[in-house]
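See structure below.
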Amino acid sequence: METKYINKSGIEQWFNAIVSSGKRVFAPVNSRGQVDFKPVKKLSEVADEYIQTTQSIKASVYPKAEVLFSYEKVNGKVNLTDFDPESVAETVLWKVHPCDAAGFKPLSAIFNWDTADKLHNAHLVKTSVISFSCAAADESCFCTSVNGSPGNTAGSDIQLTMLPDGGAIAEILTFKGETLVALMPNVFEADKGEKKEKYLVDLPTRFNLEEVNAKLNKAFNSTVWKEQSERCLGCGACAFVCPTCACFDIQEDAHGSKGRRIRCWDACGFAMFTLHTSGHNPREHQSQRWRQRILHKFSYMPERLSVVGCTGCGRCSRACPVDMNILEHITSIAKQ
Amino acid sequence: MSKIGVFICHCGENISATVDVERVAREIGGMEGVAHAIDYKYMCSDPGQTFIKEAVKKYGLDGVVVGACSPRMHEPTFRRACAEAGLNPYLCEMANLREHCSWVHEKSEETTEKAIDLVKMMVEKVKKNKPLDSIKVPVTKRALVIGGGIAGIQASLDIANTGHKVILVERDPSIGGHMSQLSETFPTLDCSQCILTPRMVEVAQHPNIKLYTYAELESLEGFIGNFKAKIRLKAKSVNYSTCTGCGACIQKCPVKKIPSEFNAGLGTRTAIYVPFPQAVPNKPVIDRVNCNYYKRGACKICEKTCQVGSIEWDKEDEIITEEVGAVVLATGFDVKGTDFFPEYGYGQYKDVLTGLQFERLASASGPTFGEIRRPSDGAIPKKIVFIACAGSRDPAKGIPYCSKICCMYTAKHAMLYQHKVHDGESTVFYMDIRAGGKNYEEFVRRAIEEDTVNYVRGRVARVYEKNGKLIVKGVDTLLGGEQVEIEADMVVLATAGVANCGSEQLAQKLHVSYDPYHFFAEAHPKLKPVETNTAGIFLAGACQAPKDIPETVGMASGAAVKVAALFSNDELVREPVVAVVNRLAPPLYSTCVGCFMCETACPYNAIEHEEIKGRDGSLIRTIARVNQGLCQGCGTCVAFCRSKSIDIQGYTNEQVYAEVMSLLND
Amino acid sequence: MSSNTDFEPKIIAFVCNWCTYAGADLTGTSRLKYATNVKIVRFPCTGRIDFLLLLKSFAQGADGVIVSGCHPNDCHYTSGNFHARRRWIAFRSILDLMGVDIRRIQYSWVSAAEGSKWADLVNNTVADIRALGPYAEYQKVADYLEKEGYNEEA
Amino acid sequence: MSEQNTYLPYLMTIEKVIKEAPGVKTYRLKFQDEAEAEAFEFKAGQFGEYSAFDEGESTFCIASSPTRKGYIECTFRDTGRVTSGLASLEEGSTMGFRGPYGNVFPMEEWKGKNLLFIAGGIALPPMRCVIWNALDLRENFKDITIVYGAKTVNDLVYKSELKEWSDRPDVKMVTTVDPGGENADWKGEIGFVPTIVDKVAPSAENTIAIVCGPPIMIKFTFPVLEKLGFKDDQIYTTLENRMKCGVGKCGRCNVGKLYICKDGPVFSKEELNLIPAEEY
Amino acid sequence: MKKLRDRAAELLSQGVVSLVIGYEEGTKRPRPLFCRNSEGAEKLIFDSHCFHNLAVYITKKELVGKERFAVTAPISTLRSIMQLYVENQLSEEKLLVITVDLSGELREFTTFDEIAAYVAQFELKRGEREQEILSKIEGMTREERWKFWMEEMSHCFKCYACRSACPLCYCSKCVVEVNRPQWINPWPAPLANMEWHINRAMHMVGRCTACGACGDACPVGIPVDLITRKMMEDLAPEFGYVPGQPAKQGNALSSWKLDDREQFIR
């Protein structure tokens, strides 16, 4: 790990160098009234004034629907074509928030805790993350309450902290980060000794994670789930924008003799998610599904995978059509 | 569903001349799930069918596709062959290689490829076919006939004579209907009552006919073969089992000035009355609206008169239930009153009559004993004007249709008038003369030529009273629109025939559809004129549209045959091409959420509400259920159901989807 | 897209059993010739035809679709075609709003007696669709899972 | 580094099709690749993801015993898109298989004990695997009792094997059908499984009870076993939650902190007590 | 506001209803509130920012239970209630509907006829946002519309918030969950998304009350409400239906007229 300084024009030159290296570059772009990661070619396309992108980098790292493998039926036989990791394009994510980058750890925990997930790993290998520490936050942000911070470097290959002069402190964190620096090493100057913390937004913790965890361990039969979930509509917006939600579905796309098996995101909030063919549904009610969402992130994952399933990005609260504010709900559980 | 047999027919050379049938069989033989594929000169021939039967057994086929002519031609043939070999007939489908391929294309590669596609499509469909069983519905062999006019009488007699029981319900105290009101009938001028009353008596005496007069249908539930009819027997206030019909009570009844319905308001009747002398049953009822006792609590003269003590003052309406298998609707029609016509004096001129009123005047049993006399002063009219199309064919009056009978009865009226008033002068204003019918045109000609009725083509603009005369102002369009003005003593309006009052409510009770004029709607204007859209309910006579007596009788006999055909088997067997609502194990029960939009879309009222109840009897959900007795299999509900909870057997979503996909995947 | 004379459009016809299917049978018995591009799928009634089938046809590579049934008032089930007519009025309006090429769906009433009308309908529709060219705009997006995929090719 | 794609199925040939009951079929599957066949191992209680190409994957247990080498068998009912796709295949067709997944019955620990198998309806297949496993290693176990019931005689699966088991002198086989489900030839018991268990079960002493069946049957069988003196660690069952991936990722079968597909499907009643009953 | 709170508290404490569904202050704007006691009623608010269509909750059995309940309903919710009523999803005895009229007075409805009469006073007009986007779309060529919607559809990730927020999407199994056949591919690919939204619009013909809840709910900002809105505007006059005043004898697609107009059937 090495800390450097990069000035304003240096940032642009370096950015251009990354683009010309042939890698896909995704960055937040403001269009259609929303800020979201999109492929960009020029630094000027990158959005400035915003707190959070609508979707997490999950939407840029993974395809919305991904072919696990494809097949063709020939004379009663089936030929399989495996997923090719090399088909994944080299991707650089620019201006990622630390809470987004922190999502890789829980995602990897889910995908690799037992058998390794070839596809997930292929995407990870091909993705480099240049995060920007956060100088601003809003009422939905709570990374500091879930082991994160506005300057958290977990999951990032490089982290930039923007300085008033338009330059930035560049923390080069990984080998992948070094490779990116190597595309234009001369713009990286020696560290000027600026304290990063000075430029981070001050975000007090809103609840104590251990306390919440202890409460949740005993809360399975609590009435809180029903009370909190009453207005929940049962859509999947929270899960789809979440940087750590990994529930998925496997589906078939067949055309005549050819077909492919497809993986796409799913959501534990959907009523049909756990429905058995027999008609029995273990999580029949919305309150049970809401409980599953919270317990999975804040109790099951910490216990089973040693990682909390929430990075405090606040997207689910912002995306929810009926203001199911996760911070408010967790805080209220902590206070119980 | 994986061992499909495919049989490609050459149809002599009809198919093989343009389609390479060997190639079709060969390529289809290589398809997944096809166990056997051959081609043969004539699949529909005995040896051809034998090939199919043998293959079904030999290869254990679970589906058969015959690529041959149109399924509209030979589908039954091949399905029967499959059934004989032990394969469910609904696992057999046909690909139309002749009408839709070989006959409409030239010999070419493309034609053969299309043939392959057509067969492929049916193979994919058959893979999704399910064995189906014909639907059997038990039939209650009793008919309900509603309406005791000539239509109802004829239908009842015809059904009764086939040996089946009939329940005949009549709203009025007597059967007979409009026909009993008529004087003579066109085109033969025989006396209406003379030909009708024997029939009426036959009804009353027929061992297979149960007659309920003074009764109305309260409700009808159920479906073809299995209806439950609730009938309201209106209180007659007279005990018919003791009443001898002597008529003494009628003589003594002090309320005498009630306009007689039978005489179309031209005569009077008493409060306890028999509508007309030849009534069946010939026993009185008390008209409670007009009876002094019911109105004021005192009188009871009839009771004192009655020797046998048949008056029942406290009798109430009674509701009985009859189980029937079929219903014949014969509720007839009505005519517009003169009050409908502002231009003809709003019905205020006493000597402006409707055709029906004129019938009563001309009738020997009428208020004038058959003499044509003016209601106003009893004088014999010397000049009389008949106005045809009064209301009919007049969109401005809301009656754009032709009432069909007016031309003929107007000619008859004029003729009867001329016969009765030898020095009288009659004029008929008409728009067109519609005399299609056996001896009809000749009849009209006779009126004009022999009876010197003056026919004027034109509309009458106004009729008004002046010095005791009716001034009729009209135009003669044949004379270039010349104004015509006639000072008449009497004017007869051939007022439009309209649906009987209450027909809309009755239709709703029966769930039969009706047209904008409230005439009941037939199932098909050409091919199903006596059926309604509700299976098991048939139409007879003028309740469907205005019609004359022969037509009515013909239709009534037609309806009777339909009923008899239905009753000819203990069970009604139907093609299983019907809709079904999916059912799942609890706790799901069904994916139907009970919005019942299908119910509003179904033309056959085949959608029922099924209540799903828990073990404790509490209502869990209400979902749709298809009554297989009523469903005709159009599938409109299927395309309409948002959650895909209804499907139609034989054309299921999976089947049609597979067909479409097979045409496009390659 | 210019019209391509070599282009053989794929067209599916959704027809009712009682009028158009019988009408097409009559075309056959009358030995009237028409293009091979159209393949008929039989339904009991136009009221049975699901709008989703039309959408799926395009997604699976059809260049055109014919929907045909009984003339108004001639429906074997009295009102299936009236229901269908409303459905198509609504469907067309929505497709047009979404920018789907509604010229590629040809609706028609062909009675059991109109064998020659069926032949004309097929030939005219084939000619129309041939002039419009393949429905590539729709078909190419059908295969792609991601927007990027078809954008790059465009 | 060539990583395995967990989702890529083995290609299997359907060697044999047995129609068990209306809508229920058993397939015997053979690996198309010999090396794969050689390397493949599984234990009683494990399951797999079976795929019908064109339709997708469905989860069911391996119904054959690990003692029978060279093939696996599965038994399934045609209920949905995938199972109906599987059902339309025939002998010689290719289908896919991923597995084996999940945990196993602790057969090693059961050595020297009596075994009581209790199964209902279509839940016999997971049991069949253990039964054959135990019978093939008969000397490892003491008394073996099998109680199997179905709604009607028609719904009984593995009919020939039921006969085989009941003909064996070293097995006590009891078959039953629900009242009203019998036919004229029926010689077995008539009554619901829990009632029959109460009647025929051996002493709880040194006995392991393995229960597989619909939730309602399990719900009523557990109290009967308790009454008979079975302790929670003497009772085993397998759970059939909805699964997609089979490898603890997709989230469907997550109950409490457990993934049924990884930590199950086999659970002792003792283990079951640790997870919320309403969610499985 | 006070009147509403007092009345709700009264209804709850007297046991007239067991639940009042209303609005409370939320993080950025009002959100749905479920009061089961008079304390809960203290949080009730009702103003022009109360946008959510609460009719979406009244078909959820697990939420409303078996007893009588009340809902505070702005005009959009009232329209949906009327539609749900003709679709046999509501019973008059179970539902008490409360609204605050233009003069600020509390009004209660116990019958659907009363609601219909009240709703009839309000005309459905395009708002600024709808006007802006729709006039933009209306000015496009067919190809431009296709491009526009494909771009929008490429953002859809099928969270089905549009479906969940719609009071009229109450099916227990949605057509997208039907897989025999798989009418609509369940993954979020552009065309599969397009098919879903076309399907949704078709299912809304004659039913959509243009409340805008679907568009409001979309987390990625697709103006999905305008698809159904435009459909409704185009077809309502054609088929003679008025949102919020549905005909009991069938909706636009389950009924027909002899003279339904079209120019495209040849």
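Observations, loosely collected:
Residue numbering begins at 1 within each chain, and the chains themselves are lettered A, B, C, D and E in the order written.
The rule is simple: contacts are C-beta pairs under 8 Å (C-beta built on N, C-alpha and C of every residue); 3 or more make two chains touch, one makes a residue touch a chain.
Everything quoted here is computed from the prediction, not taken from an experiment.
The chains that touch both subunit A and subunit B are C, D, E. The minimum number of touch steps linking subunit D to subunit E comes to 1.
Distance from per-chain Cα centroids to the pooled protein Cα centroid is smallest for E. If you compare B-D with B-E, the chain pair joined by more contacting C-beta pairs is B-E.
Centroids of subunit C and subunit E (each the mean of its C-alpha atoms) stand 33 Å apart.
Annotation: 50 Å between the Cα-based centres of subunit C and subunit D. Between subunit A and subunit C, the centres computed from C-alpha atoms are 45 Å apart.
We define each chain's centre as the mean of its Cα atoms; on that basis subunit B and subunit C are separated by 37 Å.
Across the assembly, subunit A contributes 64-65, 73, 76, 249, 251, 255, 262, 278, 280 as residues in contact with two or more other chains.
Residue positions of subunit D touching 2 or more other chains, listed in rising order: 80. For subunit B, residues touching at least two other chains, in rising order: 588, 601, 640, 653, 657, 665.
Contacts between chains, counted with the stated touch criterion, involve the pairs A-B, A-C, A-D, A-E, B-C, B-D, B-E, C-E, D-E.
Note for the complex: subunit A touches subunit E at residues 32-34, 36, 54-55, 59, 64-65, 139-140, 230-231, 233-237, 239-241, 249, 251, 253, 262, 264-265, 267, 270, 272, 285-286, 317, 319-323, 325, 328. Partner subunit C is touched in their complex by these residues of subunit A: 39, 63-67, 255, 262. If you check the complex, the residues on subunit C that touch subunit B are 8, 10, 12, 17, 21-22, 24-29, 31-34, 36, 39-45, 47-51, 53, 56-57, 60-62, 73, 76-80, 83-84, 87, 119.
On the side of subunit E, the complex with subunit C involves touching residues 137, 140, 142-151, 154, 175, 183-184, 187, 189-191, 194-195, 197-199, 201-202, 205, 227, 230-231, 234-235, 238-239, 252-258, 260-262, 264-266. On the side of subunit E, the complex with subunit B involves touching residues 87-89, 170-175, 178, 180-181, 183, 203, 249-251, 253-255.
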